[in-house]
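In the two complexes below, chain A is the common chain; its partner is chain B in one and chain C in the other.
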Partner chain A sequence: MELEDLRTRLRAVSRKPDNLRRVLRWETGLVVVVIAVAILGSSLSSEFFTANNFFNLTLNNGEIAIMALPMTLIIISGEIDLSVESTLGMSSALLGVLYLHKLPMILIFVIVAVVGALAGAVNGLLVTRVGLPSLAVTIGTLALYRGIALILLGPKTVANFPATYTNVGVEAIPHTDLSWSMGIFIVLAVIFGIVLHATPYGRSVYAMGDNAEAALYAGIRVKRIKTSLFVISGLASALAGVLFTFRLNTAVQDNGTGLSLDVVAIVLLAGVSIFGGKGSIAGVFLAVLAFAGLQNALLLTNFNQEATGLVTGGLLLVSVFVPNAAMFVRYIRGVASRAARRTPEPALSLPRKDT
Partner chain B sequence: MTATLAPAREPGSPVPASSRRLAERVFRIRELGIVAVLIVFVAVTAAIQPRFLNSSNIQFVLVDATIYGLLALGETLVVITRNVDLSVGSVLGISAFACAKLASAAHGVPLPVVFLAGLGIGLGFGVINGLMVALGRVPSLVVTLATLYIIRGIDVLVVGGGQVVPSSYYPSFLSMSKATVLGVPDLAIAVAVLVALGWYGLRTFRSGRELYAIGSNPDAARLAGIPMGRRVFTTFAISGAIAGLAGVLWASRYGTVDSTAGTSYELQVIAAVVVGGVAIFGGSGSVVGAAIGALLLQTINSALYVLGVSPNWDQAIAGFLLILAIVLDRIISVRLTASLRRRSARRGT
Partner chain C sequence: MRALLRRAPLAASSLVVASVLAVAACSSGGSSGSSGSSSSSGSGSSGSSAKSGLKVFVIPKNLGNPYFTTADSKGTGGAIAAIDSLGDTGTETSGNAATSASQIPAIQAAITKGANALVVSATDPTALCPTLNGAIKRKITVVTYDSDAPGCRSLFINQASTAAIGTSEVDLLAKEIGDSGEIGIVSAAASATNQNAWIGYMKQELAKYPKMKLVATVYGNDDPATATQVTQGLLEQYPNIKGIISPTTVGILAAAGVLDSAKYRGKVQLTGLGTPDSMKKYVSDGTVKAFELWNPANLGYLAGYAAADIAGGSLKVKQGASFKAGKLGSFTIGADNTVLLGPPTVFSSANINNFNF
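This part shows the complex of A and B:
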């Protein structure tokens, strides 16, 4: 029957490689990339594999890595948050201003965390309750939060934070060569990994990213969960802002400008689909390593620092084209074998009602 | 779903004239809304500070809006097909530098050739973007995010710490962005003509309508036999070419060009497009709306400056207004859809 034929053909078209296998393959690929980066780094500079350099590597990328975790969940859920760099900047400015007003540090941290969460909540509510596209909303708040940082601090620079705190920014965790920021990232990555991969909350993030409507009908509180993801993103960005400020020992309004795209680049390199529904924390961890390793290797050579975007961009392109290349090869093979059989196939068309 | 578009009707099918008129009115209202905001904004600012309407200020606003409006024109084509081009800022930057070099008195390349060079550079990058998106079937957000980085990286490697200073140009290059007809900058007129052409093309030509079809429902568009790859490719090529052209204008307007020219323009351009009522998920909107959106954003910037608002407040207010614009647009379109539905329900019974 024609209908039967259509069905089998549709099934053949929609058959996808096993999801788990696909994810595993992606992560395996990333491991290869990380190893390649390590080899490249050590061949470029003898300093690459020194403890001191490893510490620098973790120091320079800790904040980006921390922000990449909630970004992963947000992108898996089918949204995006471009405002993270401005939330970072706003938190940094807020920290600076409150410090100038001589508030106790603990209280400052609480306020910064609350403001960060609020910033995320504004994003989340605009996206879920007003029904606006997250790309547009977070471009708006990207300007808004940076603007608030500017209002708070103006052209001022706040420096000279107490050494107990700035040490967190520039010293390693005792007995290791890890920066505190990267240590926090690792702990958070484990927590995020468990939440994303092993709890109903995490699984529902995948579900809504795959098909928000189906998730809704399955009883998943799509709006509430998405809002919570944005709040978490705001909190993480505020934390990154505090770490950033202590690392540089300066609060200025333009702290962290341009980091959002780096964070998105890492998450996409990790194999998270920009269309939502796919990705893993293990991938993000490896992507952070690859990204940080490459940046660091370039730092050791006398490559123009401003041009490291070339490498980030190249990595991104590779990350989207490699899986498609496999698909492309399959497609070509399919065409070739069909041509060999020389059986004219009927066009795949839906039954049409001619009235 | 897309309240901005008059629904396409089969020719010959009975269409109540009143409903068509209503739909057309809806279409007009969308752009009228932005125009109204613009007028109110200008009126209020001018009432507080009449200096806002003096001719040199108007010219500055118009020239700045011209560059954004031009970029918004290309971006709109891309966004209508449910794609996005994030690389426009980088393309503008690299084209601005190359053309500034060409236009320096030392090289003395004639102006039309400089324009062609800018157009060519932009077209080249646009074609690369388009090929990757259309042939590679890769999400445009990712591709153009990558080319944003890569093109800026090339720019930095080529330019290094160098810059082109205004004194190095031959005079006609800088005066180009200052020439006016009846107080309106030549460039603004030229871009207005381009926008009008784009508006006409999108409304009238089959290929233009197909862009909307692709953006509204890609699957349906493919089944309907629309050459999606070719159309999407073309929009990226045009967007790139326009960004290259905008680079020439940028160099002429600002004079000093280094490797940071046009940094983060992409987000402002998308902001203008969205404020102008183009749906970020494709399928609706017009280039006229986007151009007015660009004009509105520049007017706001200028108004804040003229009103003596501390420059520290600029960005926060711009960001707030941007969000306000999207929210208002959303509310209006929801209301309109609801009222249209009520109306047609009443007619039905």
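This part shows the complex of A and C:
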């Protein structure tokens, strides 16, 4: 019975075409949204489709976009990392402090990357080895890493970084209107896309998000892979912290406050299921465009800026509600048909109680 | 049913599209007033010698902050009142959080929308500079008010001399606690330019009071909840504390709320910068004896007036130049291209009811 159950679950996990179809449909929807945002933006402001505005749009969202990539993998695996904004802040503070101590820039980058990876490793180990829920762990480290940033830098502001680096906040990549941070995002998105969609590693991320237990019995090293995802998230947040600091030419302990929710919003808008197991990098790419485009369009109009939260929040709710409403109805339907056939079959799409 | 479910994502996207269009409808409705005035001013600009019909964007640290609402609004006689009185169009815009990352997109959007002048309260002295210097390169006038970004503006409207604010608050508190005891500071963001400058002068002034000891500076980030929390923390950590200085309107209000109980009233003194309207309750019940502030509406008015004058070509920024700012009278540009609004006003039970902002 137990084995039978497992086999059914595993078969369902590897039922790729169904997943693929669903994901593609969500992305079709996102393409429609991106086009709608583009039409909206250009109809409300003649400045929307200018090179300069495009540069600003990519500049202001590059760091969020970069952090959204590992967040996508983490949420697909059935976990979450809310500490990314504080890892960003801690990296920024560390960069500032080390720069004040006149360390060579290359060495600073190495130290910041190592600390970022360690921050991620702490999250990952607490989740996988101690067995704590990632929501609780990363809310804890959200406060903890911000605290470390405050200790490192106190009320100080470190500015006047070398222009070679702060140019990331002023200049586009030569021959394009793309900010450096968004350029880095695109390169990383390709890499993350290949890893997630075309490697055994990526497939196991889906499998453990669908059903961690089944994945474990299938021989997937769930704990190790999840830990590695958190480490990657820490590294990406450290990179985002460095870019953020140079863009604003300012290292200060409260850098990046509030960004975690933007990152999660983009990932959910991308069609990644908050319960794990579903999502794609293409969706994330489109969600970044939609999110950045909408915020930018709202800024260009005289739309009441206090209310932009309503728009982005509403977008987030819709993107979480719709797939889960469908999932809920599908579950009811499943129960009904099972009752009719009297053959028990596990409800795969339902949220799991634990990992 | 099945078909409906398969179309869920498309249904979601059409919902999103619908909401986007609804937003578009709202915002175009909201903006009709300003677009109307800008087109009418375009025809009116031909007559006068100094240019009018300019687009001036007022960009406070964040939106929804009563201090900046007073400083910027037309109804209070703030920046937009001054800009409108000169025949130009004033618009207030900013981010929702008082951080440079939130303020910069609003500045960029103002530049993109064809601003002739920006009136900015800088969330950070350096972080805004790449953006503001980009504006200056496009011949946009940049005037800072309330909080300066010294490297990247043509004029700073200083609400009060930094030294006067820092020292006078320490003097006020010293009088209230008899020159001795532990004191704490409830500041705004750790990186706020003006806060740190005032705190610097407070520390200097404290040297005159050897029995007063500054035990901690905490940061409420100009958020009522955070400010309340850090004030409570301060009181718990230092039970012997005698006085608190909060040089921010949000901070002093939150701190007053914490002190407004039998446990602390009269035992812990509070002073700093506050608005009379919000502090009336605490002054009348004895929680707070005295605090001070400049008139933020006058600050905004002066900044808006100067920005419109500079952008219109009737005021050239150089030290010693004088200009008349409507209802406020004459001002002279001082060292570092700074204009001083005037000395702060001390509010106490004697005069607080004469003020309304």
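Definition applied: the second predicted complex is superposed on the first by the 299 of 355 C-alpha atoms of A that agree within 3 Å, B and C clash if a C-alpha of one lies under 4 Å from a C-alpha of the other, contacts with A are read in each partner's own complex, and residues count from 1 in each chain.
Basically, a contact is a pair of C-beta atoms (placed from the backbone, for glycine too) under 8 Å apart; a residue touches a chain by one contact, two chains touch by 3 or more.
The shown structure was predicted, so the numbers you read here are calculated from the model rather than taken from an experiment.
For the composite obtained by overlaying on chain A, chain B and chain C cannot both be accommodated without a clash. In the superposed model, A:Gly334 lies in contact with neither chain B nor chain C. When the shared chain is aligned, chain C comes close enough to touch A:Gly256, but chain B does not. Residue contacts after overlaying the shared chain place A:Ala265 against chain B, while chain C stays out of touching range. Of the two partner chains placed around the shared chain by superposition, chain B and chain C are both touched by A:Leu150. Legend: residue contacts after superposition of the two complexes on their common chain; A:Pro162 is shown touching neither chain B nor chain C.
In the overlay built on the shared chain, the residue A:Gly309 is in contact with chain B and with chain C. When the two structures are aligned on the shared chain, A:Thr141 is found in touch with chain B, with no touch to chain C.
In the superposed model, C is the one of chain B and chain C that contacts more residues of chain A.
After overlaying the two complexes on the shared chain, residue contacts for A:Pro133 are found with chain B alone; chain C is out of touch.
Chain B is struck by only one stretch of chain C after the chain A overlay, and of the options 129-137, 273-281 or 345-353 that stretch is 273-281. The residues of chain A shared by its contacts with chain B and with chain C are 150, 154-155, 258, 304, 306, 308-309, 311, 314. The touching residues of chain A, when paired with chain B in their complex, are 82, 126, 130-133, 135-137, 139-148, 150-151, 154-155, 258, 261, 264-265, 268, 274-275, 304, 306-314, 316-317, 320-321, 324, 327, 349-350. Residue ranges of chain C in contact with chain A, taken from their complex: 1, 5-17, 19-21, 23-24, 26-28, 30-31, 34, 63-64, 91, 93-97, 99-101, 104-106, 108-109, 112-114, 124-127, 129-130, 134, 187, 189-191, 196, 217, 219, 221.
Considering their complex, residues 22, 25-26, 28-30, 32-33, 36-37, 40, 43-45, 47, 50, 52-53, 56, 60, 150, 153-157, 159-160, 166, 169-170, 244, 248-250, 252-258, 271, 294-296, 298-306, 308-309, 311, 314-315, 318-319, 322-323, 325-326, 329-330, 333 of chain A touch chain C. Of all residues in chain B, only 84, 132, 136-139, 141-143, 145-150, 152-154, 156-157, 160, 223, 259, 264, 267, 270-271, 274, 280-281, 310, 312-320, 322-323, 326-327, 330 touch chain A in the complex they form.
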